[in-house]
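Chain nomenclature is as follows: A, B and C, assigned in order of appearance, with residue numbering initiated at 1 for each chain independently.
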Amino acid sequence: MLRVEHLRIRFRGTPILRDLSFAIDRGEALGLVGESGSGKSMAALAIMGLLPPGMEASGRILLDSEDLLALDEASLCSIRGRRIGMIFQEPMTALNPVHRIGEQIAEPLVLHGVMEHAEALREAESLLERVGIEEPCRRLHSYPHELSGGQRQRVMIAMAMSCKPALLIADEPTSALDVTVQSEILDLLRDLRLQEGMATLFISHDLAVIARVARHTLVLYGGAAMETGDTIALLRQPRHPYTQGLLAALPHGRSKGTRLQPIPGFVPPARLLAEGCPFHGRCPRGDARCAAEQPPLTVEHTRAWCFHPGRVE
Amino acid sequence: MTRVLEARNLHKSYILPRASWWEQRARIEAVRDVSLHVQAGETLGIVGESGSGKSTLARLLMALERPDSGRLFWQGEEITALSAAELRARRHGIQMVFQDPYGSLDPRMRILDTVAEPLDAAEPGLAREQRRARVAEMLERVGLNADMLVRYPHQFSGGQRQRIAIARALITRPRILVADEPASALDVSIQAQILNLLSDLKLEFGLAMVFISHDLGIVRYLSDRMMVMQHGLVVEEGETERVFTVPGHPYTRALIAAMPKLATE
Amino acid sequence: MIGRALRHPSFVLGLAITLLVLGVAFLATFWTPHDATAMRISARLRPPSATNWLGTDQFGRDVLSMLMMGARNALLVGVVAVGIGLSIGVALGMMAATREGSLADEAIMRLCDFTFAFPAVLTAILILTFLGPGLVNAILAIGIFNIPVFARIARGASLQVMARDYIRAAQAAGRSTFGILHRHVLPNIRGILIVQASVQFALAILAEAGLSYLGIGTQPPNPSWGRMLNDSQTFLAQAPYLAIFPGAAIALAVLGFNLLGDGLRDVLDPKSKER
């Protein structure tokens, strides 16, 4: 029900995102994995029609067969919050510090004409209960600073879900939270997804978190898709050198004494990335062809865009 | 084995500003009765979530703040009651790497001066060329080009800034390094570079290290012994593998259970 | 850096105007077309002419000469008053920041609040009642009033800087508190102080004009732009140029210093990109 086709984003001629395509069905979750500069956050903003000025998007973003990129601002406004909900990384900055929680949750409902104010507040209370906030009746009148980080994130989820959107975009929703809280929030998101049948786009840099949340994963680097497929298959037997590099760089499950294998170098600025495969330059298997030509799609148990996919030597 | 760093019964609490005139001022006990020790060549991992007191503990160990009570020993010498000046004279033996690569370097100072700062305090009479040479050598050691020392922090990436911070921390060849979440703010692939660098330098310089993190995976990988903190208290400590395989305290168990794991584990 | 500086339009313009004012003031110490204090009633209220390029005032004094001497006085007021405020205020502010929450900090801040509670002019009047009127005392009064302004700003900015890790790193490296203030805090709050100084400079000039109006600032026959402006009110219909010239001079000087302040702040920031 969300179908992204050949999404390209450019900033003054420099490609920020190259030819991204994916689809998410109702009730499904797709994990978008990438480090800084991968373009993952830009993709989310493009879907919402919230790209910063200067950025141009092309391609098609189909939400239930309606192309979001072709819509004007007014139509997009009616979609944001209503059919697409979004939650961000930093709950404190996403919540207005001078308004009470109840008001903020009720806002989308009233804005989109779903309910009148009084009814919206009652709905807000039930939403608070649903997301696991204790004493929801009292909390309606609290201000954001009176809540902990985890609670604020729950409030954000309540806000995003209030109009029962078809699509939920979660951009690093747990990165700023403690591990135990993160665990609860991830469970909450999963429960809500199953109950409401929402499609979820889960963006993170953390492979372990994605593994927990998403059935399918797409790995981005330097604005281009590297590999995609069933999450477990991807993590067990990655075929793309970048995915392999990411996994090798993690200390999880590694015994002491063995060295981590970082990916050498660092992410170059967008304008210096190779024409062909952006990972060229840091890739152990890259050659001149990779730099010049766009890598082809190769399909096995995962789909990888690479001239040299395959097992680690 | 000598205890390079030792703390006994450290207490530290803060008084919060009043919320309103008629309320009592609240008191937060950030660190409660914490004792620890690190031996030469050892890495002690400290794990905790926000509010656990681990960052406060780091500052206490570095004597950047004075504890309300308790005793602190650097390389066997008690430093608890020393004056500020006496303390400054000993600071070259223990240094710190901070979490935020963007806040730990003075934006107005060249890298040369930033990295040389501990050196300036420890060896004030150093000639200019020598000072420059020492900084250059250290930068090369951490994997940066020596001719970068004339640049300013904003010209470097996050990972590079952490390398600079590490160079600064090690320039006086301290015996102890306190690393407070040194890689948390970095991308995964860069994290690994920094962690490898720390491990290598630790071996090369014979450092004792206190490694603070909220990431259990990294702590398990790096530390010989570890401590788990919650609400200012040490709820568990011991050899790392033991703590992970047979956790004693329910909080430790909860932390381990909550750790997102890769499907491959 | 000079090359980079010259590419900032506000810096260049501000510098140009400031240098112009400085130049005029400097020149005025040696030479003015006529004696600025000489009265010639027979030549009163003459519009701009060949002899008096900018005309004469109600006492026959040459406007241009008065304007030039006025520049000298305006600069003096601005520099010294702001200088007093900066040096004492910043020192107090940084000291308060290092002792945040302590009695000393509270005392300094309450003193600042106290000073702010009184309208500036009232405070100046109070001070001048004790000290007596005149340019020097006016400068002192304005200077005293500048102290809490800079103390406040310096304290706030210092606190922000001191919360950063690089300050902790400097402590860990073994620098003394004074060393940290000097080497790390001051350079990082410089920008804010400079901009504020340019604002205060402009305000100082305006304040002096106000005090002169009340007769307790610069005393006649010492020329002052402010007094010229205020004296001209009576003759606005007959001789509008008497108001225009000093008014324009004040506006120009104020603009110039503000632009210079903005430009300086940008130029000094190592992060500003080269155009």
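Methods note: contacts are C-beta pairs under 8 Å (C-beta built on N, C-alpha and C of every residue); 3 or more make two chains touch, one makes a residue touch a chain.
Predicted model only: the values in this text are computed from it and were never measured.
Geometrically, the chain at the heart of the complex, using CA-atom means, is B. Comparing the CA-atom centres of all chains against that of subunit C, the greatest distance is found for A.
Per-pair tallies of C-beta contacts place A-B first.
Centroid to centroid, with C-alpha atoms defining each point, subunit A and subunit C lie 53 Å apart. If each chain is reduced to the centroid of its CA atoms, subunit B and subunit C end up 47 Å from each other. Note on chain placement: the centre of subunit A and the centre of subunit B lie 32 Å apart, centres being C-alpha means.
Those residues of subunit B that touch subunit C in the complex are listed here as 59, 62, 64, 84-85, 88-89, 91-92, 94-96, 98-100, 103-109, 114, 117-118, 120-122, 152, 154, 165, 168. Chain contact summary for the complex, subunit C toward subunit B: residues 164-166, 168-177, 183-184, 187-188, 270-271.
The residues of subunit B lying in touch with subunit A in their complex are 49-50, 157, 159-160, 187-193, 195-196, 199, 214, 216-218, 220-222, 240, 254-255, 257-265.
Residues of subunit A that touch subunit B in their complex: 35-36, 149, 178-183, 186, 205-209, 211-212, 231-232, 235-236, 245-247, 249-254, 256, 259-264, 266-267.
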